[in-house]
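Consider the two complexes below, in which chain A is the common component and chain B and chain C are the respective partners.
Moving on to the complex of A and B:
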């Protein structure tokens, strides 16, 4: 049973949008236009072109605006169903129901909302539900902060979800469209979190170039799912009957383990699709032969770029590795890209340093990794501070 | 890691998912034999040989070919049935071909009738009971095929073949992708050819 939806390419949906292949959104075949937009506004534009069946969210800063704008798409007719759940746990459970029923689903949340919904995320992956979660990250710890902090990404690492981290609004747009395509492959079929740093991306206007709204992604074909879609009218899907967790029929420990291994296998399988749509690699490398490499994701990359400019002006030999996909983690790419570096600096917008831990567990000679500099709770990370911390580290290493 | 081979078990208390050991699924037109890329023609020949050498060659049709739920399924189901008839026709003394369905995916506790069905949560029971040494999954939803195939590799010495309608199963010892009635018929024809019938 091949991908039946491909036969729809060139035909129109009920809104008059033409179904197009994902490649055509990015290879120049579909005309593009430039706009000055916030990350929240770009979410609306991406969802408009993504043939989304259902969107459910619960408002939380800084995600609220994006969720509200998706609601406008429902009024306009681009999204089939839209509502606000009771709270994030309910929202993510409702997303699961919609996805099990065969819908393409979009949701978005932030910080404490992510944690309130948390139980659902491994359930989504265990259920092989390719739900798109746009994560506009913010602080979660007490005392309260509504500002950007990437610690919640670190808490999602072992949920079985795909996790991509966009640096800016343009990448956010691209990742939403590409994310659906990768997540819905029958051999992948997993939920995907496309994360951005709240406020820095969600509430900041920047130039973006987006394809014409006259085109949209091919619809989701739930009948290619690796698990039965919950279609109670159509055999063989009625074989499901019980919810997939089989409430009255506990599975063996071995089945549970094999099941979880299969989720990890599905993450691995996503690599080839992701590489293809991300230009050949899960990372971007600039000046990769440099002695000092700054390696990070999200807006920490933007700050790192500026720090690199300052360091180069001082005559320092410095380059950049930008990590776009966190799950799957670009193990081989990172190993290769960091092989020659003498000092690897991992600036992060969180207190835990989860990215540095990921990198340290991936490469050999990991004492080369400088864990930090860190900021948290919404502090900005001025490039001058990155430079200062690197210079201190170099001096310390020389002393020792 | 790149040299990991997907071979008949019992492999380990907990065999890894082949994908996490570096085994990648084939692109269109390809197949996998024991974790290595192969052409579809090579795979047809390899699978046919395995079926002919087996003592209990068995087909495990799943829900996607057991119910006539979509155009084309009836033809595919007939191809599966024809393959079973082929296995019986070419069987030599001592060979016992079987056709055992996987009608649904809920565990059959406390006891499964291993003579008549297989279940993805404890596929080893059916394989042990019937002494199945070569089997083919067809029409099983991919997730359930993969969890079964790992359990089979861990617990039994059965050689597994996957005839997958989507992108294939690296947890089987060999896999076809984009399975169609024609592809199943080609496998039956290859079995006949190698059997000299």
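Moving on to the complex of A and C:
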């Protein structure tokens, strides 16, 4: 990860924070302290250490508190510019303008906000804008629900964004810092959504361990972008940032296609950086040799852990695969980790079962996948229900 | 940007395209008091366009590009439509992202440039059609004015969705029969200049592209006001000859008709007192420079 701005390591920014290498936030070089705080509060702490140029906010439950706390960072001087936009479609366009102008950008949204903003996300990736979107997922109307539901992640899968799903506040903090580093690599340079389950992570307090606020990420260097920065500091080539699809001829169709293929290739190239920063793999495996494997992401993982504890007490042979990166999808890791399992259970907090579909389309012998259990619209997923559903499935499969 | 940046490596000079060589040798980056009179005597910032022959939009676009006070430090934001056929060919950085979000893009962009270049002038200019400005993008147009975002919004008003084939737009005249208005448009042409005043624009102008000198002055005023004081808005009538069924040489007459007294594009200019004082000062300075140039010419 060579970088011109690396020469800044050890120097101080205007707030007196020392620029540090990403590795040093997590390898013990930078002193850490423990706190008891919510996911919203941890967003403020992560942004404070991320040398963010601009953040644009808009209220929608459950991300409003985090978005407002980032505003406090602007008043304190840790974020250079901040304002409230008029709605999520505009906010994500304002973020695009800020990123095109060369700033590191942070924003947040939830559920209906994600969908209102939707047209912007493929534009972000098409424009190769490494914007950080913290997604605090919630249900999507109708009927109205403000409660946790991961369906919007499934709707973002083909937008060309990187998508990581954090299980808890600690991981949210880590993913925001690491996410910027991966998203801004010149051979990646794509937007990234770091998702958490709304309320379950945003509004509950947990113990977290975070590096000293006296340190921050290296600043974004817009001139490492693979496309020109829109600041008239480089020669004004007569090519717009968008592919020129306005003419009806084969070369324009090909321009669009090759541009889109390049975005997909950039997602693939992100793997090497993400693996390194996520401890070697895009997944975590516990008891991987077990007959039954629960495989999912987000807080469904936490509930699965509890279910596994209950099942182990009953003498069942059960393990866990936790998926941390959804785009890129950990294809090889998942294939390998699930190769020996006889039953693969995919608990999800949404009604569509997009994660089960992802897994089914990745592995061999995919009839081993049990789609569900599902809860939606904010329902919790009690571990007892997971166990009960698995037992039912096992009985069913024995019968047939 | 230093104008030095538009230079060629001598080693590559023989393989650079002629249009780029012309741009380096004969463009007007950095020239004080640029204007429409440079057309024909210098390399234009528009290389080519694929608009219809005689299209007033192509005329307006060239006048605007020749009137930018600081093209070497200007970033333009467009939207989807006929203008997006021209933007890829202009020699200033320009952004096309989505349809209707141009004032939101410009808000983020202008603030980013202020953060990154606090001691440098960086003008941001939005140029979009009436559908993008008034219909699909009206909320973002108005909100950027409410927030006092310091950039200029220019609307090419052809009273249609022209690029998609002549559908009704909010700036279309009442009772005009167009696509999607088969019984004639049922409501009045939206009075965006008045909305601009009410929404906090400090300089507003409504005109046609029939008079290049006037367009030059209005564009320069609007950009200088946005740079120093606050948002500005310019509405330019650029009739779509194709959709109106006119010939290529009819456009000028169409515009002259539309700018007559009490017609919808009668020249209108709104300035706050602060703006009047500021623009008078700029005009005086400009006059001084002009006289100095005249004197120097005489002396030579």
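Operating definition for what follows: the second predicted complex is superposed on the first by the 380 of 400 C-alpha atoms of A that agree within 3 Å, B and C clash if a C-alpha of one lies under 4 Å from a C-alpha of the other, contacts with A are read in each partner's own complex, and residues count from 1 in each chain.
The rule is simple: a contact is a pair of C-beta atoms (placed from the backbone, for glycine too) under 8 Å apart; a residue touches a chain by one contact, two chains touch by 3 or more.
Predicted model, so just to flag it, every value in this text is computed and none were measured.
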Which superposed partner A:228 touches (first chain B, second chain C, both, neither): both
Partner chain(s) touched by A:123 [first = chain B, second = chain C, both, neither]: second
Touched partner set for A:144, first chain B, second chain C, both or neither: neither
First, second, both or neither for A:269, with chain B first and chain C second: first
Touched partner set for A:81, first chain B, second chain C, both or neither: second
First (chain B), second (chain C), both or neither touched by A:207: neither
Partner chain(s) touched by A:89 [first = chain B, second = chain C, both, neither]: second
Intersection of the chain A residues that touch chain B with those that touch chain C: 228, 234-236, 239-242, 246
Sites on chain B touched by chain A in the complex: 14, 16-20, 24-25, 63-64, 66-70, 72, 103-107, 109, 120-122, 141-144, 146-148, 150-151, 154, 165-168, 170-171, 178
Interfacial residue positions of chain A with respect to chain C in the complex: 53-54, 56, 80-81, 83, 85-87, 89-91, 93-103, 105, 119-120, 123, 127, 228, 230-236, 238-242, 244, 246-247
Complex contacts: residues of chain A adjacent to chain B: 1-2, 128, 185-187, 189, 223-228, 234-237, 239-242, 246, 249-252, 254-255, 257-259, 261-262, 264-266, 268-269, 272
Contact footprint of chain A on chain C as seen in their complex: 1, 5-6, 47, 50, 72-75, 77, 84-85, 87-98, 101, 104-117, 122, 139-140, 143, 147
